[in-house]
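Consider the two complexes below, in which chain A is the common component and chain B and chain C are the respective partners.
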Partner chain A sequence: MIKFSINKTAFQNALKITKQAIGSKVTIPALTKLKIEVEEKGITLIGSNGQISIKNFLPADNKDASMLISGTGSVLLEAAFFENVVSQLPEVTLEFIEKEQKQVLLTSGKSEITLKGLDSEIYPHLQEISEGSSLKMKVKVLKEIFTETVFAVSTQENRPIFTGVHLETLSTGELKAVATDSHRMSQRLLPLEDTDLKFDVILPSKSINSFKNVFTNDEEEIEIFISGSQMLFQNETISYYSRLIEGSYPDTNRLIPNEADYTLDLVFDAAQLRHTMDRARLLTVMTTNGTVKLTVSGDSVVTTANSPEVGSVHEELTALSKEGNDLSISFNPEYLIDALKVIKAPEVRIRFISNVRPFTLQPRNEESGFVQLITPVRTN
Partner chain B sequence: MIKFSINKTAFQNALKITKQAIGSKVTIPALTKLKIEVEEKGITLIGSNGQISIKNFLPADNKDASMLISGTGSVLLEAAFFENVVSQLPEVTLEFIEKEQKQVLLTSGKSEITLKGLDSEIYPHLQEISEGSSLKMKVKVLKEIFTETVFAVSTQENRPIFTGVHLETLSTGELKAVATDSHRMSQRLLPLEDTDLKFDVILPSKSINSFKNVFTNDEEEIEIFISGSQMLFQNETISYYSRLIEGSYPDTNRLIPNEADYTLDLVFDAAQLRHTMDRARLLTVMTTNGTVKLTVSGDSVVTTANSPEVGSVHEELTALSKEGNDLSISFNPEYLIDALKVIKAPEVRIRFISNVRPFTLQPRNEESGFVQLITPVRTN
Partner chain C sequence: MADKYDVFDQLGELENTLNTTLTQISGIRQVLEASMTENATLRMELEKLRDRLAEFEKKEVKKETPKDQPNPNLIQIFNEGFHICHLHYAERLAEGESCLDCLELLYR
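Up next is the complex of A and B:
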C-alpha cells in the first residue's frame, strides 16, 4: 500500500500541472479524478479530460521534493478537492498513507485529513505513443507560433477542422502553422532543424491554450511525437498528450494574394494604429456588424466609424510610408486589433488589392515567415 | 453651450468616482446617464442609481486639471460609454464642445469623437440635504467600522432591515455599528468627539461597499449629515448620498451574554485558528449544513469535521490560555473564518456558555469596543 512523505510545495507544483488536464465537465466520472501511481523510482500524477492527458513524473531523487517512498501502489482521488487540501496543509512536509478500502490519510503537523479514494482499476486506459520519429523544439518557439495563430481559429463547432491550428511539415523543411475562421487568417512559417518526423495535423485550440500552463520553462527543449489521432509533447518528466482533430485542412496558400496584385502598400506604427482601432471599436461594438472605414486619399489616411445610437469617430492616421493608389475600405476593427496584438515588430506593413479583396498584414522587415489576412466588409 | 478643455487624467479620475453611483440595472433610463454641469466656477459630474447619488465637483482652479472653461451649460451622456471614450483618448488634454442638438464633440490630438447627448431636463431631481448638525470623522475610521460589521449583514431581502448596518449614536457619546443575519452578529462601539448630530439609522450594505471606492484618501476627514431617509458623506468636492433602510432595528445588546454566564474562556493565535478553520471548511463545504466540532477536554483542544462523501479532518489546536469547563460545540466554520478576517489583533479571545448558546469573539486586550457572536448548530 502507498506510503510516502514529500515536500508540500514540490508536490503542489506537480499537481498543478497535471490538473490542467482534469476538467469538472467530463462525461466519464473517473476523469474527474487524479490517478496517483507510486513506484520505487518515483510518483506519477495522471490526469485526463478525454481530449488532453498529462502524465507528470516526480522522480524519487528530485532534490526539491525530499521524497521518501516506503510503500507503492496506485489510487484515484477527487482532483480539485485533493489539490485544495494539499495547498491548505500547515507544514512544509506532508505524509501520504494508504489505509484499508483505498482511504488515504494525509498528515502534516498536527493536521490529519482522511480522504476517500477509489480503486485505480476503474480509470480508463490512456492511449500511449510508442517511441518513433520525433521533432525537438524550444518551448518558447512553440509558444510563439501558437500565439501567432490560435487567436484566429473559429469558435463555431459546426466545422470542427477550423477550431484548431493546422500544423504541417513542408517539403521545404519548414513547419507551417495556420488558423482561420473564414473572416481572417494567420499563417506562420518556421524553418526546422533536420527531422524524420513528417506530419499534417490539426491541433485543437484548447490543447494549445493549456500547453503554456503545462510547459512553463521557455528555455527548455521538448520533443514532439505523433501517432494516429494523438500528438505528444514531452520533456524529461511531463508527457502532454492531445487528441487531434480529424479531417483534412484546406490549402490556405491559394488565399494569399500574388505580389503583383497589390495596388496599395502602407506602413504604420503598430501601436498608433492599434490605439486608433481601439477608439473606433468603442463605437462599432455599439452597432451590429459595425465597421471602421479606412480612407486613403493622396497623403491623407483617415479612419471613420459611425454608430447611429451613440455617435461617430473621425481620426487622421500617419502612414510611415505609402505607395500605390487611393482606396476606401471597411472592415471589423476587432480583427485588426487581434492581428496587431500578435505582431511584436514596432511597424506593420499592410497591403491592399481592392475594397472587396482581403488585405494582408506583415511585421515590417520580417516579412517572409508571418502573414495575416483580413476580409473587408462590403458597405454602401 | 458647454466648452472646456481639461487634463484627461484628472477628468478620468473624477468620472471614476461619479460612476460608482451609476448602474446599468436601473428602471429609470435617465439614471444610466452621467450629468455634466459646467459653470464658471467648475464642472460638476452627477450620477445616481436611485439608491446612491454622487455629486463630484472639479473646481476651475484645481491645479491638476488645467481646466479652461469658455462656455457653460449642462448635458447628459451615456456614462459607461463616455468613460471608455475618455480613457482611450490619445493626448493628455481633451476638449469638450457642445454642438447643436446636445451633440458633444470631444477632441484630443488627431482624434475627433462625436457623442449623442440628451437634454439634462429629463434627469430626475435628486433630493438634497440642507445643512444642519453634522459629525466629522476620518475616512479610515469609518472604513474600519464598516469593514468590521458589513460582512455580517443578511443577504436575504425578505427582512430588509437586516441587509444594512445599524448606526446609532448612544447617550454614552459613542457610535454603535452593528450587523446581524441571525446566525452571527458583529458590533463595534466607537467613542465620538462632541457632536450635536444624533441618529439611529440603517445604512444599506451596498452603500457601504461603494463608500471605499468613493473616498480613497484614508487620512481625510469627512462630514456626515442626515435628513429623513438620506445620509450624506461629504468632503470638499464629493457629496455621497445614500438612502437609508426604513424600519426600526431590534435591540442587539440583549443578545450579548452577561459576563457571569460564561463557563469557558479560550485564547487562540488568530492566524493559526483561521488556518485550522480553512482546512475544516474544505470538508464542510462538500456537505449540506456541514459543521466543525470543537472539543475541549482538559488541556486538549481538537477540531473535527466529517463529510460522508469525501473524508474527514482531525486537528489539535493550541490554546494560549484556557479557563473553565470542558465543552463540545459544533458550528459553521465559515462564520468563524469571516469573524477572524476582521480581527486585526494577533490573538483572539473566545468565550462559551454552553453548546447551544451563542459564543463571543473579541480581539484580546482590546475587548471593550468590538464583539462578535456566533450561534452554534445543534448536532446529535
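Up next is the complex of A and C:
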C-alpha cells in the first residue's frame, strides 16, 4: 500500500509535465487516468493519450520534494481531477495514503480528501525503448529546429504524412528537418556530432508542440532513441514517447531551385519587412485569398495590397542589396510573416526565379543550413 | 392558440425541406467536383496519348517546346485550377492556391 509525503509544489510541477500527455478525447477510458507508481527509489507519474506517453520520475532524494516514502505500490487516478485537488490543498506538504479498495486519502494540514482510484492493472502497457543507439542533443537546439519547421506543416488530415515534420539523418552527418503543406516549405540542416543512430521518420506536429512544454530546461542534454513506430526523448527523469506517422516522406530536395535559376536576389532587414507585411495583412485578412504584390523595378521595391471593400496600401521598401531583373509577384502575406517569424538573423535574403515559381528565403550569411520556400499566387 | 402550433408545424416542414435541398445541393456539388476532376484527368491522359501517337507516326519524339518551357497543356490545366502533381492528381485548387509539387513538375 502506497504511503508517502511530499512537498506540494514539487509534486504539482511533476504532475503538470505528465499531464501534457493526458487528454480528455481518448479511445481507451483508462487513458484519462494518471498512473502513480511508488517505489523506494522514488515516484513515477505516467500519462498517455495513445499518441504521446510521458513517464516522469521524481527521485526520492530530490531536494525540493522533501519526499518520505513509507509504502510502495501503484494506483490509477482521474488525472484532471487529481491535479485540481492537489493544487487546492492548503499546506506546503501533502500526505498520500492508499486505503483498501484503491481508495486514496490525501491529507494536508487540517484537510482530508478521499479519492476513488482504480487498479493499475487496467492501464495499457506502454511500449518501451531503451536499447540501441542514441543521439544526444541540447534541448535548445532541438527546440530551435522544431520551431523553424513545425509552422509549415499541413493541417489537413487527409494526407497524414504532411501533418508532421520529417526528420532524417543524412550521409553527410547532418540532421535534416523539413515540413511542407505544399504551399510553403521550411527545411533546416544541422550538423550532428558522431552518432550511430540513423533514422528517417515523421514526427507529428502535436508531439512537437507539447515537447516544448515538457522539456523546459533549454541547457540540458537529452537523448533520442527510435524503435519501429516510436521516438523517445529522454533526460534523467523524463521519458517522452511519441508515436511516429507512418509512410515515406517525398524527396523535398527537388523542390529547392538550382542556384543558376535565380533571376533576382534581394536582401531586406527582416524586422522591417515583417512590419511591412503586417500592415499589408491588415487589408488582406478582410478578403478571402487576399494577396500582396511585390513590384521590383529599377531601384524601387514596392509592396501593394488591394482590398475592394476596405481600401489599399502602398509601401516602398528599402532593399539592403539588390541584384537581378525586375519582377512583379503576388503572394499570401501570411506565408511570408510566418517565414520571417522564425528567422532570427537580422537580415533576410530572398531570391526569385519568376512570378510563377516559388521563391526562397534564407537568413543572410547563414544560407547553407536553413531555407524556406513560398509559392506565389496562381494567376491565369 | 392553435395557430401557434401551426407555425411550428410549418417551420418544421420548412426545415425538413431545406435540409433535403441542402443534401441535394451537396450531392450535386460532389458530382460536379468529381466530374471536373475526371475531366482534368482525362485531358491529361489524352495529351499523353496524343504524344505517344505522334511518336509512333513520326518514329521520333517531337521536341518543339524548348527544355525550359513548361508543357503548355499541363500549364493550362494547372492555370485552370487543377493539381497536376502525382499526390493530388487532378484535384481542384482553390482560387489563387498554388502547389510546390505542381510547380516543380511544370518547370523542372
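Following the convention adopted for this analysis, the second predicted complex is superposed on the first by the 377 of 380 C-alpha atoms of A that agree within 3 Å, B and C clash if a C-alpha of one lies under 4 Å from a C-alpha of the other, contacts with A are read in each partner's own complex, and residues count from 1 in each chain.
Everything that follows uses one rule, which is that a contact is a pair of C-beta atoms (placed from the backbone, for glycine too) under 8 Å apart; a residue touches a chain by one contact, two chains touch by 3 or more.
Small disclaimer: the values here were computed from a predicted structure and weren't measured.
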First, second, both or neither for A:Arg159, with chain B first and chain C second: second
Partner chain(s) touched by A:Val356 [first = chain B, second = chain C, both, neither]: second
Which superposed partner A:Glu40 touches (first chain B, second chain C, both, neither): neither
Which superposed partner A:Thr114 touches (first chain B, second chain C, both, neither): first
Which of chain B and chain C A:Met286 touches, first, second, both or neither: first
Partner chain(s) touched by A:His275 [first = chain B, second = chain C, both, neither]: first
Superposition-derived comparison: chain B or chain C, residues of chain A touched: B
A:Phe81 touches, of chain B and chain C: first, second, both or neither? first
Interfacial residue positions of chain B with respect to chain A in the complex: 78, 81, 84-85, 88-90, 103-104, 110-116, 275-276, 278-279, 282-283, 286, 309-317
Partner chain A, residues of chain C touching it in the complex: 78-81, 87-88, 93-101, 103-104, 107-108
Chain A to chain C touching residues, read off their complex: 159, 180, 182-185, 250, 254-255, 288-289, 291, 332, 353, 356-358, 373, 375-380
